[in-house]
Structure formats: structure tokens, C-alpha cells
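Chain IDs A, B, C and D follow the sequence of writing; residue 1 opens each chain.
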Amino acid sequence: MSTIAVIGLGQMGLPMAGHLIEAGHRVCGCDVQEAPMQALQAAGGIACTSVQEAVAAAEVVLTMLPSGREVAQVLRQVIWPMKMDKTDQQPVLYIDSSTIDVATSRSLAAEAATHGWPMIDAPVSGGISGAQAGTLTFMVGGEADHVARARPILMAMGKRLFHAGGAGAGQAAKMCNNMLLGILMVGTCEALHLGEALGLEPATLAAIMKESSADNWALRVHPPLPGLSETAPANQGYQGGFVTRLMFKDLNLAFAAALESECATPLGSLARNLYALHLQHGAGALDFSSIYALLAPGSSAAEP
Amino acid sequence: MSTIAVIGLGQMGLPMAGHLIEAGHRVCGCDVQEAPMQALQAAGGIACTSVQEAVAAAEVVLTMLPSGREVAQVLRQVIWPMKMDKTDQQPVLYIDSSTIDVATSRSLAAEAATHGWPMIDAPVSGGISGAQAGTLTFMVGGEADHVARARPILMAMGKRLFHAGGAGAGQAAKMCNNMLLGILMVGTCEALHLGEALGLEPATLAAIMKESSADNWALRVHPPLPGLSETAPANQGYQGGFVTRLMFKDLNLAFAAALESECATPLGSLARNLYALHLQHGAGALDFSSIYALLAPGSSAAEP
Amino acid sequence: MSTIAVIGLGQMGLPMAGHLIEAGHRVCGCDVQEAPMQALQAAGGIACTSVQEAVAAAEVVLTMLPSGREVAQVLRQVIWPMKMDKTDQQPVLYIDSSTIDVATSRSLAAEAATHGWPMIDAPVSGGISGAQAGTLTFMVGGEADHVARARPILMAMGKRLFHAGGAGAGQAAKMCNNMLLGILMVGTCEALHLGEALGLEPATLAAIMKESSADNWALRVHPPLPGLSETAPANQGYQGGFVTRLMFKDLNLAFAAALESECATPLGSLARNLYALHLQHGAGALDFSSIYALLAPGSSAAEP
Amino acid sequence: MSTIAVIGLGQMGLPMAGHLIEAGHRVCGCDVQEAPMQALQAAGGIACTSVQEAVAAAEVVLTMLPSGREVAQVLRQVIWPMKMDKTDQQPVLYIDSSTIDVATSRSLAAEAATHGWPMIDAPVSGGISGAQAGTLTFMVGGEADHVARARPILMAMGKRLFHAGGAGAGQAAKMCNNMLLGILMVGTCEALHLGEALGLEPATLAAIMKESSADNWALRVHPPLPGLSETAPANQGYQGGFVTRLMFKDLNLAFAAALESECATPLGSLARNLYALHLQHGAGALDFSSIYALLAPGSSAAEP
């Protein structure tokens, strides 16, 4: 078992740390908030009042922070200056499970590489409920042997691991996936809305499309109208699920990548702007399938 | 077995008529072209030189024409004036399997209803290969007893039948499905293209997304790049499949429906305009997945 | 002076009829509403209880109706069957000043031409206030000699006349103009909104752009924020002006034309969909510049 | 007269330096290319082989570089470490006339302010021809007294100066203006293209729209089709003018700003993506009005 520093004990980081403890690891956690620190201790972890303290004895450092800015800051200004080389054993393994922009992810990995420190990016999908249940999916970028070393640790917190490629590839894969998911959701809403306007029963149309060439994850697993799937947030007034603000964040990461690479992503950009409208009309904390109401403000779905 | 008039013996109508003949029906066909008339006769059907002749003894009339204009013309100007009431037996059943706009489909069904003539709309998906193999899917609108009467006839030509609702619902369902399919395809192209620009292997990214929340029919069954699915037209230089011109037609039908119903369909409209660009740059006869090349003109996929 | 039938005495038709009366013409008007009929009589016109009565003695027939459906109905079902040929004088001149789709306009002109009846399309811009003040602009399609004959009549109601080309060209020109206007307005809102978010004073940014390459009519004459132009509806809580519902109508006509002609109009289509959202969120009766609030719901402009 | 360091002697910087020399200033220039250094010397300037040398005696430092990356690099790594405080006279004035992102511009101004060094951002419009003719427009951000000090220097190179607000406001104003310009151009192309498809003469439609509510700078001054304005690049096969690559750069800056500020800019984003397509199809070096050919590939305008 390893000594693992977990930096960032938010709604994702805290339950992930819990699964590491359950798996027998020694977990030293750190967060700017007091409440999760107490929760970590209650779960059998060690709450550290500084990042330095948390990482001092760590064999693995796991960061789970809101954006590239925070990850870069904690690595560049706090951890890396500590120069935690370990001559008689393997070096500290850095795992960044935050969802951040590809460019920052690659810069950080390159900096780590200059010191010979292994680093992988391993953003997750599955959300808060997946973090709590230990069923996350990891999309991982980095060298194969580093990924191999990280695998048992990651699998203590999740069910699936995709090795997408070299440094930053995990971020890139998640971002591409989520940009497409945003498009699938808005497109599914448009089709159901247009069908409704033409007199089709949403349940009938959804059933047909699921069996036809319009089949997609948003329609099948996470439909934007109540009554189409038992587990969909649409049945609970769009509470829980994957909230609009996080989808907007991911669509912004996708656009940042499109800017960097000069790619044309017309539907992805439009989806980003529609989510910006939806966010600004007050839906930030609702599941992202609630964008149905942006298209169909008079619908029953619009008033959860 | 029935006497069935088939009006329109194009690339879809001719093989469909063939399956009806195989199923034991007496098929009287009619087309403006000479070649398919000869092919019909060779297959055991009766080639009629006029629509009047074809429908004269028909118990069922099946239309398979390019657009609402032709269907309306042949029904209103030729067939309905014949007043083919049959007092001592059930009335002629009209099946329109053309893909046409919902508004025209509903107008025609309403006119038929004023005469007491049963009519259903039953557009198909599955394309030319589905018509040849007899594996079409029918999306059907109309009254339940008319649909029940049509079912064995349709199932002679296809494998699946969805009853979407009342008159026009078959057209509406197909149109909604195909609008969403158009969006799925462009979105999938954007995600793969962005991933490629970021250094991801398309096969790796596609494999990850198929197992994740970006999963959709276009990615899984009909991917826009070679090497991702054995049966995809991308492997054959985008030959065959569902051609750009037909996808553009369906996206236009979707927009016509959005106009009529005052619905907002931002992604559907943008997909329609991107397909307009793709068409105008010469891709009308290529499979619709070739739109990858519009986004990525320098890619290997761009030069089939 | 002429005897002129005015069919349609709505908010546009009634004041237009008034200017014709002032100019000395004998005006026979007809409307489905009672109030404008009385207003016409009070203004010195002749209120007729049927279209037949209104046009019976007319030398000129002016239609001012909500859409192509109504214009086609009144011409095809009522007026043209009357066969108002006049052998010893010039034939009746048909002027359609309604804003309708190009396809219907051309069909009607073609039907008129088969009878030798002169017909022009002459949609207007300038709105209700322009109709009241007699300062409308006419965009006219038709043969030059018919336009010449219509000119003095039109100039009694307006200040400017553009001859755009043959039949339907007036409708086409107005529709292209208004599609572009819709784009200019949304684009101007986006630029001002982005500038505001970056800390620029809207008045300063507007002043700079008016003197630079972003200058356009929406910014200069009809800006979407209060305080930028004295006469803009934004100063009066977006009351009056050119209402969202009418802009949406024109953007729909543009899309119908794009469908017919298979043109790509990506920005025009997106503007249409954004106006659909704005309409559905309750802004149909507000000036179309109020779409600023769709983009910036938290802004002061959002709560008139 | 002042000693002015000009860092960056490209197609813009070199002629701008020339006007400063003509106005009597002592100009010390520096560039990574040899040719413009010789040209500067020939024009009476002093070619310096390093940035340090160029700025050593400068009272004013003018940067004219391709992007924020270069400006940040030369300021942070070379110039500011020189600590060019001048105790017995006024401090060095920094003028950045590069077109860069607002965020970088504000960061640099904030850093300068911590040292008490005056800095303004002063991006230009007018292009290469404006730089050569000395007719540039400057959009300026910074404190009023710094702008006042810079004014005579800037006016030696241009004709107009807008003070848009505090630090970064010049960049923000230019970026908003150019995002809107990009929208105006694509919208104007769509309207002219749709009109052409409907049979309107482009010259006629353009003349009508210029006098109507669709009037805008792109239509009036820089129309995308030949024959509409004598000075438009469309008349010279889209050579010269404001090239697609630079418009794409500015639309990317606008999107970067929208990302930072979480603004919705749906038309601006779509215009950015259309220019990405146009660029990738090989039009980077053509005037940005050539995007007409993306929409209308079969048109005469498409084959310059």
C-alpha cells in the first residue's frame, strides 16, 4: 500500500480519498475548507493543514482541483520547489485528476519530465455519484509504465480506465467526449421538441429514435424529458446529475482547444453558446438536460 | 394476396416492388423511366403505361416518389379524380412511402379522410441496400386499423415497423430522427477532428467515446473516418451509403417543419447549412459522413 | 385620379388608404374587422362589405395582408374569377404590398400574366409609423411600365421606391435586406455585450464602432441599449419600433427562400433561431432590439 | 522630439517607424529579420541588433509584434529587467500597438503599473496601406495623462485616435469592432448570395440595402463582389485588403475574450468557425471578403 497525498477534497476529491483509504492506502489530504478536512479524518485519513505537510511523505500525489490555474499554482509554487526526489526508491508519481485545459496539462507534464518525475493526467467521468460509488471512469494520458503504476490506485476509485495516449491525452479525450455529449444533448432536445410541436408523443418518438440511426447516449441514458428513463434527472426536476455549469466548463475547454489548434467546431461552439444562454438564465445548478427548457420555454419540462 | 399499384420505380421503389412480387402479390407498377418498367416485368410484375392503368384494379396503392410535390400531383390530379370507391369490399388503402414534408402529408391524409379512403404515411429508412435486401424500417403514421391492414404488406419489404401516431406522424418521426442523425454526424466529425488536431489516434478516441457518454449511432455504426468500422462507407472512399444530397433533403424537411411550427432548432439549422456548403463543394453523391472533409480539408480522409 | 380598392385595413393598410384619400383618389376599402371600416369611412373612404364590392369598379387593387396564404386566397378565389377585363381602357393594376414569400409572389404574378393583368409586388419598410407619416419605402418587383404606372400611387404613401427587378424581386429584396438587418442587430448586441463584460462603456464603444468598420444601421440608427440614440425604442423599454414577431416572420421568409434555392445562410439561420428563442421567452411584442436581453439577461436592459 | 524604440519592424512596424522619423523623432528599431533593419537605416533610423540596445536610451518604447506571447516575452524577459527608471525626468512610456488578447494586455499594464511605468495599449486599424500612408486609426486604453502624452506620437502615424477606457480597453474595443465586422461581412455575403439565387442583380440589391436598414460598412465600403465599389479588393481577385488569416486571428481573440468573460456570442463564434473553414480551404492570404466563395462555390467570384 502507498502513502498518497490528495490535494483538493471537494465533492469529488473527498469521496475519492475515501475509496483510497478503504483500499488500505495511507491518505494525507488537504483542502482550503475545514468541513472536508474533518470528514477525511472521520473516514480514517490524515488531514494536513498545508500542501507541504500533505505531500512530505507521499509516494503518490493526486490533485483534484477546479481548473488548470489551481493545479499549476499548487504544483509550480508549492510542490515542485520541494524537490521530492527519492534516490533509493521510485520517484513520486503525480496524478492530476482535475479536468483542465490540454495546454496547461501538457505544460505541467513537460515540466515534470524535465525533472524525471512521472506524471499522468487522469480526468474522470461519472460525476459526484460515481465518485461516491467508486465507479468512476478515468481517461488517462501519459507514458505506459506510469499508467501501469497508477492503475491499481485509480481502480480503487473507479471501474474503467482508458489509456488515451501521451501527456495531456486524457484531458483531450475527455474534452472531445464531453463536447460531443453537449452536442448530443442539445440535438436530442431539438428533435424531441420539434416532434412534440408536430404532435408526436415524446415517449413514442424517443423509443423510435433509440432503435434507429438517431440513437445516442443522451437520448438513451439521460433523456431531457421526464418519463423516458427512470434514472434521468429530468424525472427529479433536473436536480442532481451533471450540472449545466460543469457542461459549460467542458465546452469552454473544448473551445480553448479549438482556438489553440485552429480547428473548426461549428456545432461545438454553438452548443457552448446555447449553454452560456442557459446558464445566464439561471440554470447553472440544474442538470444539463434542462436545456430543453431553453428551446421550449412553454413546455411542462420548463417549470420543474 | 392483394393487387398492389406501385407508383414510382426508382432505386427504392423497384426493389420494394420486387419483394411484394416475391411475397405473392400482383404488382402493377408505373414509372416515367423505361428501364425500371422492363425490370419490373422481368421480375414478374405488370408494367403499366399510365398511373390510371396501374391503379385501376388496385386494392392497395403504394407511392414512392421524390418529394411532396410529386405525391400531391399524382394523388390529386390523377388518382383521386378516379373515385375508386368499392362498395362491396374494403376501400383502396393508400400507402405513401415517399419521404415528404409533414404538412403535405397531413393535407393529403385529410383529403383522403373526407372521402373515407384509408391512408397512411410510411417513409422508410435503410436506403437502397435496405430496399434491395428487404430489411427496411418503416415509420408509420395513420389510424391503427389502417396500419394493421398495411402491416403484412410493409413487412414483405422490411424488418421493422414503428407506429409513430396519427396522419403524418411517420414523416414527422423520420424527419426528427434524420435531423438528429445529421447533428450526430457533424458533431462526431468535430470531436474526431479536434482530437486528431490534439494528437489523439482517431481509433483510440473513437473506442473511448463509444464506451462513454458521447456514444452515438454515427460514431458506432457509420464512423466518418476509415478504419473505425468495417462496413462504413468511409472505408470505400465514401461511396455508397446515405448520400449527402439525401441528408440535405431531410435536413431541409426538418427546417420546413421548424418554420411551420415556429420551433427553434439551432443545431439542426446549422447542420443543414453545413451540409449545404458540403453539397455545393461537390459532395452530393458521396456518403454523408464525408462531411469530415469539410471540417478537415487537409486530412487524408479529404481525398478519397 | 383613380379608383383604388384597398384589401386589408390593418395597422398598415388603414393609414396607407388614408394617404391615398388625401391624394385625391377614390378608395374602396375592405377588411374583416369592423373598426377600421368605420375609420376608413370617417377619413372619406368607402367601406365595402365584400372584396367583390370593393374591387368592382377599381382601376387599381392594392392588397395589404398578413401572409402569402391570405393574398393567394383573395386573389385566386375572389378577385380573379371576377375577370375584370376592361377592353376600352387599361387593365386593372394589381399591387401587392403585403410582405410574403417570394415563391407565392412569383406564382401569383405568373398567373396574372397569363391573363394579361399587370401585377407588381411592392412590400414596404418603415413600419406603422412610416405608414402613418406617409414616409414608407417601397421595394418593387415587376415590369418597368407597370412600375411606372404604380409610382405616383405608391409615392402618395411613401418617400422612396426601389425597382428591384422582375416579378417577386421586391419581396426578394426586402427579405434579403431584413435577413441582413436581423444579423446586424444580433451581431451589434453581441459586440456591445462583450464590450460591457470587458468593462467598456457602451456609449464609448458604440461611438468608436460607428466611426469604424463595424458601422451598421442597427448600431447607428436603432441601437439596442438606452442612451445611444434618442429615437431608439431601447429608450422606451423596447416599446414600439419593429417588433420581434415581425422580425421573426421576415427571418422565416428568408429561410423559406434559402430552402427553395438551396442556399447556405448560416448566420441568417442562426439569427432566425435566436429570434425564435427570444419570441418564445415572451418578447414577441417588444422591439427586435430587445434581443440584447436574451444575450445579457442580467443587464439593466433586460428589465424594461 | 523624442527617442523612440520600435520593437518589431514588420509590414506594419516598419512604415510606422518611417513616419516617426519623418516627424523628427530619433528612432531606434529592432527586428529578428535583416531586411527591415536595412530599410529602417535607409529611412534615417538606427538599426539595433538587440532589444536592449534599442531601448537603452528610449523615452518611448513602441511594440508592434504578432501576438501577446511575443509582447509578454520581450517586456517581461528583456525590457523590464533593465529597470529603466529615470529619476530626474518622466519615466519611459510604453505603447503596445500590437493586436493581442485583452487578458495579456491587462496583465502587462498591471505589471507596469506596479513599477510606476506608464503604459497604454494602442492597437491600430487601417492595415498595411494605412500604416504606409500614415492614416491609421488607434484604439487606445490607459490613463488619460498617458494617452495625452502618447497622442502626438501616435498622430504622427495615424489620423484618428479613440480613447476607449482604462488598460486593455483599446484591445477590447478593436476586438469587439472586428468581431462585429466579421459578422457584417458574412451576413452581407449571405444576403447578396441569397438575392443572386433569387435572380436579383447584386448591384441592384446592394444599392437598395445601402439605402435601407441593412446598410453596413462591409456592404458600403468593402463589398464582397466585384463591381460594387471601385476600391474593394473583390475587384482585384481579393488580393490585398484585410486578409482572411488576420480576420481569423481577430475572431479568435474575440472568442478568447468571450471564454474569459463567459459571454454568449453565437454569431461571432459561428463567423469564427466559418472563417476557420475558409482558411483551411486555402484562402488565408486572400482578403476576408473572399468568404463569399465559401457560400457560393459556383459563383464567378469563387474563381479569382
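Here is the rule we go by: contacts are C-beta pairs under 8 Å (C-beta built on N, C-alpha and C of every residue); 3 or more make two chains touch, one makes a residue touch a chain.
Being a predicted model, the structure only gives us computed values, none of them experimental.
Two chain pairs are in question, A-B and A-D; the one with more C-beta pairs in contact is A-B.
Two copies of one chain, chain A and chain C, form a contact in which over half of the residue numbers belong to both partners. A centroid comparison over C-alpha atoms places D as the chain most distant from chain B. Taking each chain's centre as the mean of its C-alpha atoms, chain A lies 51 Å from chain C. The distance from the centre of chain A to the centre of chain D, with each centre set as the mean of the Cα atoms, comes to 38 Å. Residue positions of chain B with contacts to 2 or more other chains are 262-266, 270, 274, 277, 280, 295.
Taken together, the chain D residues at the contact with chain C in this complex read 102, 125, 137, 139, 160, 162, 164-166, 168-169, 172-173, 175-181, 183-184, 186-188, 190-195, 197-201, 204-205, 207-209, 211-219, 221-222, 254, 257-258, 261-268, 270-271, 274, 295.
Partner chain D is touched in their complex by these residues of chain A: 248, 252, 255-256, 259, 262-266, 269-270, 272-274, 276-277, 279-280.
Here chain C touches chain A in the complex through residues 266, 270, 277, 280-282, 294-298, going by the rule given at the top.
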